[in-house]
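You will see two complexes here that share chain A, one where it goes with chain B and one where it goes with chain C.
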Partner chain A sequence: MSGEHYLIIGNGPAGREAAITLREKAPQSRVTVISKENVRCYQPHLLPQFIAGQVSEEELFTLPFSFFKERDIKLRLGQCVVDVDFHKSQVTMAHKEIIPYTGLIIAVGGTPRIPERCHRYRDRMLTLKTLTDARMWAEKLQKVSSALIVGGDLTSFALTRTLLAMGKRVSFLLNEESLWPVRCDDQVFREARVKLEQGGVEALRGTIQDIVRRSETSLEVTVDNKTFETGIVGAFYGLRPDVGFLAGSGLTIERGILVDEYLKTEVDNVYAAGDCAQVYHPGLKDYWVSIGYGNAENLGRIAASNLMGEKTPVETPQESILCAEGVRVNTSWWLEF
Partner chain B sequence: MAGIDLTVEVCGMSGDGTIAAGGILNEAMSRQGYSALAFDSYPAEIRGFGRCVTRSRFGDRPKLALTDRTNALISLDDEQSRSRIPFLAEDAVVLFDDKPPSYVEENKSIAAHVEPTMTLYGAPFADLAAKAAGSARGRNLTALGVFAAVFGASPDVFREVITGKFAPKGEKVLRANLKSFDAGYEYALETFSKRLLNTAPPLRRTDGSRKVLTSGNTAIAEGALAAGVKLYFGYPITPATPIMEYLAKKLPERGGRVTQMEDEISSIGAVLGAFFAGTRAMTATSGPGFALMTELITHGVMSETPAVIIDAQRAGPSTGLPTKTEQSDLQAAVFGGPGDSPRIVIAPTDVAECFHYTAKAFQLAEKYQTPVIVLTDFFLDNRVENIEPPALEPEDARDGNIYPDASAKGAYRRYELTDSGISPRAVPGMEGFMFAATGLEHVERGTPDYTPANHMAMSQKRYRKIRSALADLPAPEEYAETGPLDVGVISWGSTFGAALEAVQDAQARGIRVGALKITSIYPYHEDVIRTFMRRCRKILIPELNFEGQLSGLIGHLDGTEIVRLTMATGVPMAPSVILKKIFEIVGEKAA
Partner chain C sequence: MREQSDYPAQDGKSELKVVKQVSYSTDPADFHYMTVNVPCQNACPAATNIPAYIRTLFEERYSRSYELNRIANIFPGVLGRVCSRPCEDQCRHGEPELGRPVNICHIKRAAADYRREGHIYMERLFAPLGKSVAIIGAGPSGLAAAHDLSTIGFKVVMFEAFDQPGGMLRYGIPEFRLPRDVLQAEIDSILRLGVTLHTGRRIGADVRMEDLLRDYDAVLAATGCYTSIPLGVPGEDLPGVYAGLEFMIDVTSGKAPRVGEKALVVGAGFTAFDCARSALRLGAREVSICLRRTEEDLRVTRDEILEAKREGISIKSLMLSQRIVGQGRAQGVEFVRTRPESVRADGKREIAPIQGSEFMEPCDTVIVATGQRSTPFDAPGEKDRHGILTPLGARGARTSVPGLYVAGDYATGPSTVIQAVAQGRRAAEVIAEDLTGGTRRQKAVRMEDTTITDRSRSWDYIQRQEMPTVAPMAKRLGSADIEVETGYERDAAHEESKRCYLCYLHYEIDMDRCIYCRYCIDVAPRDCIKLVESVETNEAGAIVGYKETTSWRRVNAVMIDNARCIRCGECARVCPVDCISVTKVELVERLSMEGGQ
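Then we have the complex of A and B:
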């Protein structure tokens, strides 16, 4: 075992693939994956199907623990990094353990974005990012017959399809923020409304003013001064990079950690991959965010390879994907319902 | 295994309050209606350094042994607790202090060592205790608060137990400890609410059960008290000392007395003297002390004087491993000492039997006029079980002496050769029944005699007497279906619980296996054991000594092949070890 220690923060598809790649390319080094979520790597895009009971919990998981043990990849699950010192090349854990590294890959993904004006009734809205979230959805859906979905990210559309398949009555609320980062103008709303209603969904437009819990199975929602009842409210305002622990570290963070087309940050031996990275696009001369399971896996592999000294650029997304309704979206996820 | 079966460890450094936390945990879980079996492990040194571990197994049904895998570890000291990781179940839960007083290097935290299959619950034990109670001393109780929240146990019952323990120390101490507990409980409820969903077993059950949490040593002392012991003579030694400590408090309340002697020789001498005079007395020691007693024990055999001796075995030889368990005094208990000196040796297998067999030992000693050795071991003495409050029938406490008829007055033959070998025994003060008692070989009247025929006759009498005691000794208990068996497991002492659990597990898997519990070590029920052996293709005898001392004692009884499963590690044998051996014997792979 050499003295090198490669550290990956995040156990999603990007983190997992980075770890596997590092082990292949640096067989004598220590490889450690740290994740604040206490479960092994799973496929988050299957969470809606898990909620519907179409996919078992076991089927969500990608690789068994033994896979990592056999490859001597240390998994530290349920543990949290609170600080990174790039000068000393070390991270500080929430439990006050200091871990030095030779190379670092940040692959922490995103966390559900809740607009500030919604914070007042935050605890009455569910998000769907983690397995714990999904378990909560599954539990609550057993007791309610209707749901209000707020927002328009990829997960919200997948979940809506799941809810319909489960026989739930679904309303879908669109407003200027809910298709973040796309601006929801009249044309976007009209198109979305047609698609949603064709699928049996009631499309609404407006802004939530309040959510009041009436009972365990009933929420009273007020939208533009009109009040109606629903069983559950899901908030899907997109994701923001889960990089609070990097505040004050010196890394430049906008909608993600800024990295070049090789996924390297402005600090040597520190890379970022997956939803938390904002990747430079040489063609656009701007940054974009890659979202999606397969993309994340790919970025993880590229970051690890480049950390090992390779020079592999990220595959540039097509211009058409980056634009929607005349708005430069700078993501790769804007797909139809 | 169906139902609740949870093994919890508290691990810390001496002085962390580890044993205290374990005690509170046991009591609280017991009061909630769970079966409890617990065993503490601590360093041999008195205080100051070394690892302390309490292991407790809780269930919705009685558990017979400790398992070799722990489901929840409460770490009060990561440095010490790290060594416990290999003994954790794959899906274990680890509770630890995630805010140590200073930053630590990589791998110094227990978090660095847990397997990814395990679940970590970090809470700032010391910090919470300091904020809540003004001192971090109660961090062990904060940790218990976290445990109660994570496992859904009743906080009220914990508070009740803490109150019972600390109220005598004053309001201030009590309040500080309750606050420390509450701080951990509330923190965990708030912090871990989501994580509870998937990991917490349903640990809330109240069936009104009020079993008492009792250690083997306490049960021994209570058994002696129930039998009416009047005098205790002893010299402190681990693990027997708690018997003396307990009796030192209780015996004076009942008109008795505890005397700490200068050594074990004087202790047994005093016990023999007391019994000779007609008073129930006892002593308790461990291997090294027992070795010193053996000459006088054989004096009791020769002079046919009753005595009750507890030999609380520990790992040896010599000073050995004072705080570790072993079953390696069996041969010494049965045969130790000069000459052919038959005596009664009984070995309880659980805490309830510690009570009943200690009480029984007094009657046996009186009736058969011999030293009776109650053979326990560290694991049995120090473990606690919650058992129904033990009680003795008046018949079991009555005087066991067989006194001479008045017709013998003036012509009393103290060592009369009888069919049973039992000679009616007079005690000093009975007019007209004077006799000589000596360690020398003697004739019926007690006067010394070395003639060959007399020595042979008297030896036969002493053996005849001890063999006739079989009628009053507990017969082996069989746990098997009728008909031939592939494996018969014969076990004794503290290992029996593990053996029976392994056998029950194997039986549930369709293996033809049975267990035989032997509590009468000497004399033993030859016919019952032989009959059992003949039904078995192979006999497995698991025991905690190097060569297999029970195997050596009874292995010759039948031609059945004996498989010795011995372990001299200082730790109790887990059911899984025995189960694995059963699988090996029947040619199946362990599950």
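Then we have the complex of A and C:
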């Protein structure tokens, strides 16, 4: 085994594919994946079905532990990186261990974004990003008959379908902050409303003023000047890159870690992939983020290949790409609801 | 030089008791120790004794906590609201594996909020000197200088161009961040020292420098930075385009500027944020702050960013303005996208425009808050290319004209309130030295033997207490003078004060008594206790490094690295032979009887 140590932070689709690619291209090197979550890589897009009981927990996982063991990919699950020193090429863990690396791929994905305006009552809203979140939803849904979905992103529409299938009454609140990262203007609102109401969802428009917990199974929500009760409030304002540990590290972070078209950051041996990367596109002369499971897998493979010396650019975004607040995204999921 | 000032222990017959073992040092090695081991105080331009005021607040001695602040920074109530908080960036609690910095600034405000009503300022006053100093500009720097010069015994006369004193504090910071009664009370605490204040008197127009130089023993120019720097792009003269500082002066003077529906603010500092938040209160429906760099590079506090976002302001990054367009009024700004380039010597990245990436941001109001500089006035002496008097000497207060001094933003360019205060105090020190031939105040390291504190290890895990703010948003934005941050409740302030690691406590192992059991190393929360083969010292004799060893045969000492120590006290608690001592070490200002006439 060579002395090289490739480190991947993040165990989502991008991190997993990066690890597999690195193992293929550097068979003699150490490959380590660090993940905050203490479960192996799963398919987050199946979480709504898991909540409904249509998919078992085991079916969520993509690969067995044996797969990684056979390939000598070390999984360090339930461990958290708190700092990266790019000069010394080492990361500091929350448990104070310092791990040196030869090359680093940051694939930490995103964490649910709660607009600053809503911080006051964020503890009264549920998000759905991780398996832990999904378990929480499954437990709560056993006790309530209604749910209010606010914000609205890819996951929220899938979850809404699930809730309807479970016989729950669902309201969907749309406003300017909805349908991240697309700006919800009048036309988009009309499109989304038609789709939602066709599916049996009550579509509302307005802004939450407050959420008050009345009991374990009842929340009182004030939207503009109207107050009503619901069992659960789900917040789906999209994601923000989970890169707090990189603050002040020297990497440029805007809506993600800025990388070039080869996914390389400003530091030579450091790449970023998946939802946490904001990729420069020389054709567009702009940055874009790619979201979704398949895209993340692809970026993970490209980042690993380029870390090993290849020069593969990220593919041109598809024509359906949209531009929102300076970020280009390739999705319009509400049309598929 | 070390000076003992304790009461000597007696043989039991005397009535005198040992109250405190205190010594003062001006040894450079001790000053070096302070810079490395009390990073918050070292980061504060005014050298505020932060661990001490946090500890006194923990003891619910709010007035004393306020005084400990005031001794160094003059305006605790003001700075507890608007300080840029360089101390928090250096707080040990913010180091990678330790969590988030202590909310030092908000504790300062709590000290001001909860001090006794009618508490007496602990001010040591020197006898009148029969000499006078004119100060031009009653901003934070001028006022700080006025305070110090008055206490030393000078007759101080201030000339202020605006109608009221306070400078940028009053005319640059909106009332929703700094209530005017708080500001006025702290200005009054300076004026009560016998300072004469003339308002509405502008240097060059209403007051002539040659008259001042003739009539006073010294003149201090602290006129601040009031000339806005334009963007330098076409269209900047269109109606609907405002210079940030002028915009804020209008807002704070009650002359509400006309703001449209959609405002773009170009800039990255406090002024840009104040303009954006004020524009929202003036009726703009959509306000964006446009940055050349990213949010990460902003020069404002995290709280400021959070509150701006809560109010609905969006922050747009990586864009550089090219021109302002519009027919008869601003209707949009053309930007190009930027990208980060190589790292400069100052640690910041170069930002380069991406050619061909032009895009338009529609708007009806543009506020340019990209900076300001000093305004020149008629005065003799050496000046720079903008006509600003050149500061000379290491402390930057003297000019080439004897008796004429400069301080604050006028001398340094735009800075923060705490920097301006520190500058003003430094200028006062220089003036006093020049006019009296000696120093009146002297920095020293005060050392006091102490026992281990009652600080519990579990306090390390207390979450940072967030500042409560006005809710709901409609109430907050409904009026421009409602203070957004409502201040800590006493309990929250007390809880936050527990988080401080009290870095002014110096832990040391007495090697004559150490039995090398290594219990202390076992309980150390980080690599703060070292097995040392040898130490490295600098010219001043201060320890600047350790040669560690893992071989027992080479161990010459077990040492506590106070630069890594978080003063959790665990080592002292487990030591079976009680060989770890604790000393309270503070950088203080002592009154000096040296020199003077």
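Assume the second predicted complex is superposed on the first by the 322 of 337 C-alpha atoms of A that agree within 3 Å, B and C clash if a C-alpha of one lies under 4 Å from a C-alpha of the other, contacts with A are read in each partner's own complex, and residues count from 1 in each chain.
Here is the rule we go by: contacts are C-beta pairs under 8 Å (C-beta built on N, C-alpha and C of every residue); 3 or more make two chains touch, one makes a residue touch a chain.
Since we're looking at a predicted model, the values are computed, not measured.
> Would you check which partner chain A:T252 touches, where first means chain B only, second means chain C only, and both and neither mean what they say?
A:T252: touches chain C, not chain B.
> So, A:R40: does it touch chain B (first), chain C (second), both, or neither?
A:R40 sits against chain B, while chain C stays out of touch.
> In the superposed arrangement, which partner chain does A:T132 touch: chain B (first), chain C (second), both, or neither?
In the superposition, A:T132 touches chain B alone.
> Tell me which partner A:T92 touches in the superposition: chain B (first), chain C (second), both or neither.
both
> Examine A:P100 and indicate which partner it touches, taking first as chain B and second as chain C; both and neither are also allowed.
After superposition on chain A, A:P100 lies in contact with chain B alone.
> Is A:R76 touching anything from chain B or chain C once the two structures are fitted on A? First, second, both or neither.
Touch status of A:R76: first partner only.
> Applying the touch criterion given at the start, work out whether A:E266 contacts chain B, chain C, both or neither, answering first, second, both or neither.
second
> Touching A:F68, do we find chain B (first), chain C (second), both, or neither?
Touch status of A:F68: first partner only.
> Quick check on the superposed pair: does A:V55 touch chain B, chain C, both, or neither? Answer first, second, both or neither.
So A:V55 meets neither chain B nor chain C here.
> Touching chain B in one complex and chain C in the other: list those residues of chain A.
92-94, 96
> Sort out for me which residues of chain B touch chain A in the complex.
96, 98-100, 102-109, 111-112, 115-117, 119-120, 122, 194-195, 197-198
> Once bound in the complex, which stretches of chain A touch chain B?
Residues 38, 40, 65, 68, 75-79, 92-100, 132, 135-136, 139 of chain A touch chain B in their complex.
> Which stretch or stretches of chain C touch chain A in the complex?
Interface residues on the chain C side: 96-97, 293-296, 306-307, 309-310, 312, 314, 316-319, 337, 339-340, 343, 349, 354, 356-357, 471-473, 526.
> Taking the touch rule as given, give the residues of chain A at its contact with chain C in the complex, in rising order.
Of all residues in chain A, those touching chain C are 82-83, 92-94, 96, 115-117, 119-120, 209-210, 247-248, 250, 252-254, 258, 266, 280, 285-287, 325-326.
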